[in-house]
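A short worksheet on the structure shown next.
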Amino acid sequence: MRPSGRDLSEMRAVSIETGVTKHAEGSCMIRIGDTHVLCTATIEDRVPPFIKGSGLGWVTAEYGMLPRSTTSRMRREATSGKQGGRTVEIQRLIGRSLRAGVDRVALGERQITVDCDVIQADGGTRCASITGGWVALRLAVNKLLKAREITTDPLISPVAAVSCGIYAGQPVLDLDYPEDSEAGVDGNFILRGDGQVIEVQMSAEGATFSRMQMGQLMDLAEAGAAQLVAAQLAAVA
Amino acid sequence: MRPSGRDLSEMRAVSIETGVTKHAEGSCMIRIGDTHVLCTATIEDRVPPFIKGSGLGWVTAEYGMLPRSTTSRMRREATSGKQGGRTVEIQRLIGRSLRAGVDRVALGERQITVDCDVIQADGGTRCASITGGWVALRLAVNKLLKAREITTDPLISPVAAVSCGIYAGQPVLDLDYPEDSEAGVDGNFILRGDGQVIEVQMSAEGATFSRMQMGQLMDLAEAGAAQLVAAQLAAVA
Amino acid sequence: MRPSGRDLSEMRAVSIETGVTKHAEGSCMIRIGDTHVLCTATIEDRVPPFIKGSGLGWVTAEYGMLPRSTTSRMRREATSGKQGGRTVEIQRLIGRSLRAGVDRVALGERQITVDCDVIQADGGTRCASITGGWVALRLAVNKLLKAREITTDPLISPVAAVSCGIYAGQPVLDLDYPEDSEAGVDGNFILRGDGQVIEVQMSAEGATFSRMQMGQLMDLAEAGAAQLVAAQLAAVA
Amino acid sequence: MRPSGRDLSEMRAVSIETGVTKHAEGSCMIRIGDTHVLCTATIEDRVPPFIKGSGLGWVTAEYGMLPRSTTSRMRREATSGKQGGRTVEIQRLIGRSLRAGVDRVALGERQITVDCDVIQADGGTRCASITGGWVALRLAVNKLLKAREITTDPLISPVAAVSCGIYAGQPVLDLDYPEDSEAGVDGNFILRGDGQVIEVQMSAEGATFSRMQMGQLMDLAEAGAAQLVAAQLAAVA
Amino acid sequence: MRPSGRDLSEMRAVSIETGVTKHAEGSCMIRIGDTHVLCTATIEDRVPPFIKGSGLGWVTAEYGMLPRSTTSRMRREATSGKQGGRTVEIQRLIGRSLRAGVDRVALGERQITVDCDVIQADGGTRCASITGGWVALRLAVNKLLKAREITTDPLISPVAAVSCGIYAGQPVLDLDYPEDSEAGVDGNFILRGDGQVIEVQMSAEGATFSRMQMGQLMDLAEAGAAQLVAAQLAAVA
Amino acid sequence: MRPSGRDLSEMRAVSIETGVTKHAEGSCMIRIGDTHVLCTATIEDRVPPFIKGSGLGWVTAEYGMLPRSTTSRMRREATSGKQGGRTVEIQRLIGRSLRAGVDRVALGERQITVDCDVIQADGGTRCASITGGWVALRLAVNKLLKAREITTDPLISPVAAVSCGIYAGQPVLDLDYPEDSEAGVDGNFILRGDGQVIEVQMSAEGATFSRMQMGQLMDLAEAGAAQLVAAQLAAVA
């Protein structure tokens, strides 16, 4: 019943390839089916003005899509003079989610910027960005630990994200683009490896939903996140 | 234990005053405690290009804060050259939420723009905007019905929104600013008068949360939304 | 002969309600007929770079219109990416006019920003902004005096503004929107309570004018300003 | 007593050189003392959307200063991403003033754009722009008349502008930069060759002013405008 | 003597991998040593307004660098609100160069947009973009030919680009980043497979140069371009 | 055979008038036929951040065209919100070219900004800007030498620029606008008075070119530059 023939609770194939660019302190290419996102982590000594002198660190994110990552070509945001509302919303979500897995005292007064650039899109780019972004962050932090610039690991637990939704009346895990564009309800679930929830966004897109359906989507999300965390840990091992 | 002395499940005083500006097709001033938002609804015959000729209507929203609606003065977005990420995120949420209560076929090919301008802020401005925005929308649609420009009521059920969060370890309803700035978990719940859920956003702000806590916040939200719907219906009666 | 039935030299009803927002150091809602402007004054310790270290104070103003303050909805300036020429011109006028009533040495090195936001427009919004803006400024300065942060009152005399014009060939006081859009000559007069003139702007809009007509408009303006000063003093008493 | 040694009612030397660029339909370099402005008029068949199909013509203006027209270099507006408030205010004034001398029915549905670019500034650039702008407009309209594209002359009467102010307590005509930067009161007067007034702007800059002083400045302005009109007519003869 | 140990006339390893994204009509990843550029070609039926109705086609290009393609992170152009001068200059060059290899009559009234996004930078990104861009263009045009949307091949000859410069006083081929940042003279040479020259840019960067040196650089460029053309033809075979 | 009747190797008349504005430290109006560019040089004590404290000087340039310098009116870049790609490309070229004639140690830690504003355009404005810009720079540097603010002349040799191209199949010197818009190959050559080459840009515009033609254009350029250098030296004598 799903366009891809997957079971309702079946994720797409997940692959995470690390060390894909030579300049970044941490990097990976995450592939969730045909959704491919290049994630890099950059360490800088400066922090945003509002925490200068606090001793606390900061993790932030930026998100972009290459113009032809999509079925038809999108306008490049650099030429339209600003990041669109969707982009800003997504990169705020990525940064907020990753910070929820970081002990900012242990990180110390430095900033890590995670860039997530979508090379090819087939639904679920924001979730792939969070999941891949954590891997890039992990690798960058490993460098700091190895160089003894920090002594306590500031990463509390992996952070992974997965989308779930109601498609053709059924709760399904990990929507691809054909499902996403038809789903009546669309949700993004950001979880930590220790089972704690970081963020839940469920949104009616045509259909509304009930509390029971919220529970069903949450069940799917927990199962999906567990698989993603396993892939993250394997990639950084 | 709450700074305001309210019970955990106690909302602030709600008042909705309609007909507050003479030009708009629908308008109200909604006051949730010290949060005051002016909501107006404007009917236009034109629709966005992507639905031109489809026969469907559109509801959209814009959100703004007066520079001194806040404790210290904010920069006016018109002078900074663009709407900030938070503003864009909020107005997309308002529009999406209101559309989930509208039968766009019955509305016909016209657009209603709901402007939500925060006159005074004390937490929960996006929820107040949605709740008040629905009242302005209702009044504007009533004009169309009375003028027989449309014959079927396109409003399916009232749309109301309330924030809940975990403050000092406890689930609380309707966070004011002192609570909001200290809450470990912050959630916005948009519900319909018929009990259907439109959107749920729960977000870790320092603390993460569990599935049990999600349920507790949802319970509070349902109780709060019921009170708001009653106030909406009284206002437009 | 006037659309409103008023006499040639008759102002609309004036009301000034103070203390309308809890955050601002000074605030009022001024209503001149159906023109309603919310004015707030914000005190800040910083001054613009060009007077830093001079010991002098600064008063500046910003102006905005809510999108549906007008008969048909205006585009929100925050979404169009900049303030329009009319807005910039008006807020420069408001700031310049208010400064002409201030002893900047007595004010000391601090800045007061007066925000004038039009809630409902029916002609004469810039004049209402100046008149209401002075009230907000007066209330904010009173706070400084009461807190003994300054010891000499820096406000020399009230500043009030009124429009006059030539409508249907006749000089009239305080143009409302129907008159304003038809007037052949349109003028704004900013005066002080001590009778001194701060600014005069008379402009042909279709018809030109003679020196004799300039005198007639000036007579009307002096009478109108006197009424406004009385309302200002009553409001802050 | 004036820095330049001029009498109180003495203008600077005025010269208007026509035909200074080969492309424009009308052009002149106006020199008022050391203030030099290049004015060009461009005729186009299209009109702004708001008068399309009305049969009426339009005259508009743009104003700019070369970066090193001033004592110290100004930032180029093209690099700062927008025209400043002062620029917008001035070009609106130039356009409005020139239109007050035009019969828009006789002009027919076409637009004339007058560009005023300050090559060297020494006070009074907006007045020089209006005065020189009219000459460029006159020359462009002459071309239309000569080519019989229009048959009735749409220019009612020359439009000239002059600044007056109160400098060191005395009313003076045609302020240069040293006077302008010290003047307590500053005024711009736009008049027509037939004696009608188009616009009067008098503004307190430190000092306020009385009605008697308004009359004295107006006397000076009328005398100055007469000299400018004579220079305009000589230039286009 | 070169930091990489290469001979003066030795290029870096070249690899061109085609079909790297599933959505684009043509795509490749070109790798010139550590410089990696993703090139995609998009076919659209619309053309720019200035050739509408002419029957001619258009080829244009856009260029971007991922924020962490460089040694230290660059600001994302989408957040700075515009493309920088260097970006605009490069994408104009790419488009101009590719068009010099296209018969625009044979292409017919359609537009092909070539996007060149630098994934990893180590000098010579603009040359790699042109060389890889032609491959993407070739693949897209092949699709049009195969679908019989066009019948005559509009691609006249391959277009390839290579940099040469004077490094440590010696003419060298294909500068990498360490050489590029130290070179006294820097040149970009765009050539066609048929030996014709499309564009030559030689620029002093500290040192100036002589006509004899121009000839030496041109010799190197011709040799380098021949290698690149061979790689292009192998990739699209 | 040239539209102007000139010989293939004949330049247009060149005139350079110095001291044309009273405020700039150096200025000239350069006229190459009907192309007229006003060049001014401004000395400032501050330098760009990237060389602060290095003891080195900086020379930079900005370029603009008056709206009606061209046959049909161009949009003013200040109103379109940014400098176009062509403008940015040209001003980068001017600055780079002039710097190649400057000993930045001898200049000392100060910046000279050369503004080139096109008053009337008839082809070759970028070359005229470089040639005239050097004259303005020379005059400004003379002031520094005369005032003994610097003791060693930082100007190594004059910098002059000329365009050559292939028009109607023939190599021609100094293209005017009718030639430029028809030329198959277009080149800009920036040379120093001592014969060294600073920059060469040759670009196919419809036709491609051969190495032999490159040599012919270079021959023309050297002859043209020699004439321009003679005119520069005469102007500053």
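As written, the chains take the letters A, B, C, D, E and F, and residue 1 is the first residue of each chain.
Following the convention adopted for this analysis, a contact is a pair of C-beta atoms (placed from the backbone, for glycine too) under 8 Å apart; a residue touches a chain by one contact, two chains touch by 3 or more.
Since this is a predicted model, take the numbers as computed values, not measurements.
Asks: Supply the minimal count of touching-chain steps required to go from subunit B to subunit F.
Replies: Minimum number of steps from subunit B to subunit F: 3.
Asks: Assuming a repeat means more than half of the contact pairs shared by residue number, which candidate in D-F, C-D or A-E repeats A-B?
Replies: C-D
Asks: With chain centres taken as the means of their Cα atoms, state the distance from subunit E to subunit F in Å.
Replies: Each chain reduced to its C-alpha mean, subunit E and subunit F end up 28 Å apart.
Asks: Centroid from C-alpha atoms only, then distance subunit A to subunit C, rounded to Å. What do you get?
Replies: Their C-alpha centroids are separated by 51 Å.
Asks: Where in subunit F do residues touch at least two different other chains?
Replies: Where subunit F meets two or more other chains at a single residue, that happens at 82.
Asks: Under a traversal of the ring that begins at subunit C and continues to subunit D, how are the chains ordered?
Replies: Start: subunit C; next: subunit D; complete ring order: C, D, F, E, A, B.
Asks: Give the list of subunit A residues in touch with subunit B in this complex.
Replies: 82, 85, 88-89, 92, 96, 100, 192, 195-204, 208-211, 214, 218
Asks: Of all residues in subunit D, which touch subunit F in the complex?
Replies: Its residues touching subunit F are 21-24, 27, 34, 38, 40, 42, 44, 62, 64, 66-71, 73, 76-79, 81-83, 87, 113, 115, 117, 119-120.
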